[in-house]
Amino acid sequence: MTIRIENLSVSFDGFRALNSVSIAVDKGESFGLVGESGSGKSTLLRAVSGLAPVSGGTIAVNGEALTGSRRSRAFRRAVQMVFQDPYASLHPRQTVDRQLLEPLAIHGIGDTERRILQALDEVGLGHSFRFRYPHQLSGGQRQRVAIARALIVEPAILLLDEPTSALDASVQAEVLNLLEEVRGRHNLTFVMVSHDLGVVTHMCSRLAVMKAGEVVETLAAADLAGGRMVSDYTRQLMVASKGFSREAVPG
Amino acid sequence: MKPLLTVRNLSVTYPTRTGIVEAVRGISFELGRERLGIVGESGSGKSQTGRAIMGLTPPPGIVRADTLSFSGIDLTQAGPAAWRDMRGSRMAMILQDPKFSLNPVMTIGRQITETLRRHENVTKREARRRALEMLEAVQITDPERVFGLYPFEVSGGMGQRAMIAMMLVCGPELLIADEPTSALDVTVQLEVLGILDRLVRDNGMGLIFISHDLRLVSSFCDRVLVMYAGRIVEELATADLSSAKHPYTQGLLDCTPRIGESRHPLPVLERQKEWAA
Amino acid sequence: MTDPSLPAPESWRDWLLTAEPHSRHQARLGRAYVTWRRFSDNHLAVTGLLIIVALVLVAVFADVLAPHSATFGNLAGARLLPPGSPGFLLGTDDQGRDILSRLIVGSRITLAVVALVAIIAAPVGLLIGTVAGFAGGYVDAVLMRITDIFLAFPKLILALAFVAALGPGIENAVIAIALTSWPPYARLARAETLGVRNSDYIAAVRLMGASPARIVVRHIMPMCLSSLIVRVTLDMAGIILTAAGLGFLGLGAQPPMPEWGTMIASGRRFILDQWWVVTMPGLAILVVSLGFNLLGDGLRDSLDPREAGR
């Protein structure tokens, strides 16, 4: 599965969220999208999944061109998304079991009992979590359920929108490890959005730096870590990630 | 040197339907004219500590302490009027998200002058002048224009700077900042921290910086308190952070992915029951 | 003799409140139990519930409870007897019928009216509101304008018009009231839908490939249910009054049906001297309306606010 985005533009009510963005992701790759708020990184994910209106350019997943907001059944199985806010990504009135059953029911996948238990095992949640409601789960546990829900249809591509930024540091480490493990086991393609350079360089091999709806630079994570970046903005982000120091403050 | 703030055996409890929740369980520390960071994850009690010191614990929370004194004043005995006099003029608090902590139906300038006129006897013109001065001090380039803007019309970083201006306009001695930069972009974070750094230094204030980000706190503060499950598990100077003794602190330091390091999988915090004892 | 090595059986309460339910059934019951506990802490709400339960029981066992016939009275010897007369606890009306018996049998009609209106109006409103809110665009505009048209008429006037067109009778009164009751529910459902529509969990289900119908019915409607239930319960008092009003005007239940509003209508000639003919049914309406109001308030407190975050 490859993702090819060419000159993509997205506008909301006249506001240009994405301005002629081009990205290419290869099969099995882990690709990062970094930027600050308003950079359009989340909008890019939403455009791929059909949640944001495209006003120009093309998106192709595995050679198949995507038009408008409609996506085929096959696409809906092959591409899944994990959202940022664990407190908003699960239906508050449905048990974990029901929420894991839903994607199986929609796609007509049988053998649901086994698959649900397997999904819970895979994300490290015991079977005792199966019939709990979201309000009985911690943030980390909810995010695991969200990941289980995404994985239960056996997708090939996972779009991750800041999956750990709402979690505590220790929980973040656990979830990142889980994501890595899952990716390795199923040979998934990741597109991960984050504002945290540490997380992105840890999880991704290549990344695109975005600012104000445009791609500033695309580079390998190793190059970013080694300080071999081209753009000043990327350098600025690097420096800011290191924490506060009197010399670092501009002005 | 007499400490600015003395806290001995502070506890904050909430009676709930299912039992008593102890948010803060008997912590003690002192603060001089320095920068103290309080670090912890969610549920550690760090925010509750900040609010207890400001007298802002929401009901039905109960605050108890053997000693809670600020600049010689016994805070446990302070009545509502005394608190109102102190807050804003002698002790101030900055919160996380200016979207939620600034009054959305009042202009920024008005909110700053309101604080000023509540505590000091100044004319409207004088108040306006000082508010504009303060907006300049927080590096807002066009203070006249921002004075008349509403909070929803400015960006997050600017809103946070406006909040700082509002809180510091009366020149308080103690500033508590509860996750002041968590809702901001990294580059903006640096700017805001730089402003805080300068103002704290220039005015000789005591600062309590509450955050979940241990690395950020250690780069900004002189001393750090690490909280877990309502208790302080470690207290050390930030220079000594790498030689932290408590496993929780070490775990927190280790588990964040850092640029340039390749640790797969990331070390995970194994919580021990004894830490919450 | 019980074997001491066997573990003690879990109490019902523990089973319901466990943090690790073993089945969907257990999870749902546990959640219902928690809601019930919250509700029962509010004593006024429980009072309201008891009143309604009493109403239901009286309606179910009306035949057994009524001491006299509700339709045939003792014209010769028992006309207009005051309350406390031997055998007639609440007195008799102008046709010698026992008022207590009429009230008891009439409770069936009251309950039927309320239930039927709720069953008809609430689902219609829910469907229209959620579809309008979710679809947006011109579907939303058209549905909401239709709703506005119905909302523009004062309830009683519109009900009057329907009944006048359909003919007097309790069935037509029910239809008329139902037709005027659904618009507020549609607005309520639409408002809830708009709030929920853009949340991540709905986006997640959309990304799974769920059809709009599935999203609306299985994911959005459950979110609207709590506020809808509260609103319907609070409206029930108004429905009773509207039915009584129609009965009073002679357009609802027809005599000799012991519908409470009709009783007030036919008794109004005697209001000054034989006050009980009018007052007793009036008090019955008052008590039942109060019951529904208290119940609705209690439901609002226990169903909505904390559930929103939980």
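Order of writing sets the labels: A, B and C. Residues in every chain begin at 1.
We take it that a contact is a pair of C-beta atoms (placed from the backbone, for glycine too) under 8 Å apart; a residue touches a chain by one contact, two chains touch by 3 or more.
Every value quoted in this text rests on a predicted model; they were computed, and no experiment measured them.
Q: Tell me, which chains sit next to both subunit A and subunit C?
A: Touches both subunit A and subunit C: nothing.
Q: If you count the contact pairs for each chain pair, which pair has the most?
A: So the chains sharing the most C-beta contacts are A-B.
Q: Among the chains, which has its CA centre at the largest distance from subunit B's?
A: The most distant chain relative to subunit B turns out to be C.
Q: Just the number, please: Cα centre separation of subunit A and subunit C in whole Å.
A: 47
Q: How many angstrom between the C-alpha centroids of subunit B and subunit A?
A: From the centre of subunit A to the centre of subunit B is 32 Å.
Q: Can you give the whole-Å distance between the Cα centres of subunit B and subunit C?
A: 51
Q: Under the definition above, what is the set of subunit B residues touching subunit A in their complex?
A: So the residues of subunit B in touch with subunit A come to 41-42, 139, 156, 185-191, 193-194, 197, 212-216, 218-220, 251-252, 255-269, 271.
Q: Which of the residues in subunit A end up touching subunit B in this complex?
A: Listed in rising order, the residues of subunit A that touch subunit B are 36-37, 139, 168-174, 176-177, 180-181, 195, 197-199, 201-203, 224-226, 236-238, 240-246, 248-251.
Q: Flag every residue of subunit A that touches subunit C in the complex, lowest number first.
A: Per the touch definition, subunit A meets subunit C at residues 49-51, 71, 73, 76-77, 79-81, 83-85, 88-95, 97-98, 102-103, 106-107, 128-129, 131-133, 135-136, 146, 149, 153.
Q: Help me check something: in the complex, which residues belonging to subunit C touch subunit A?
A: So the residues of subunit C touching subunit A come out as 19-24, 26-27, 31, 199-201, 203-210, 214, 218-219, 222-223, 307-310.
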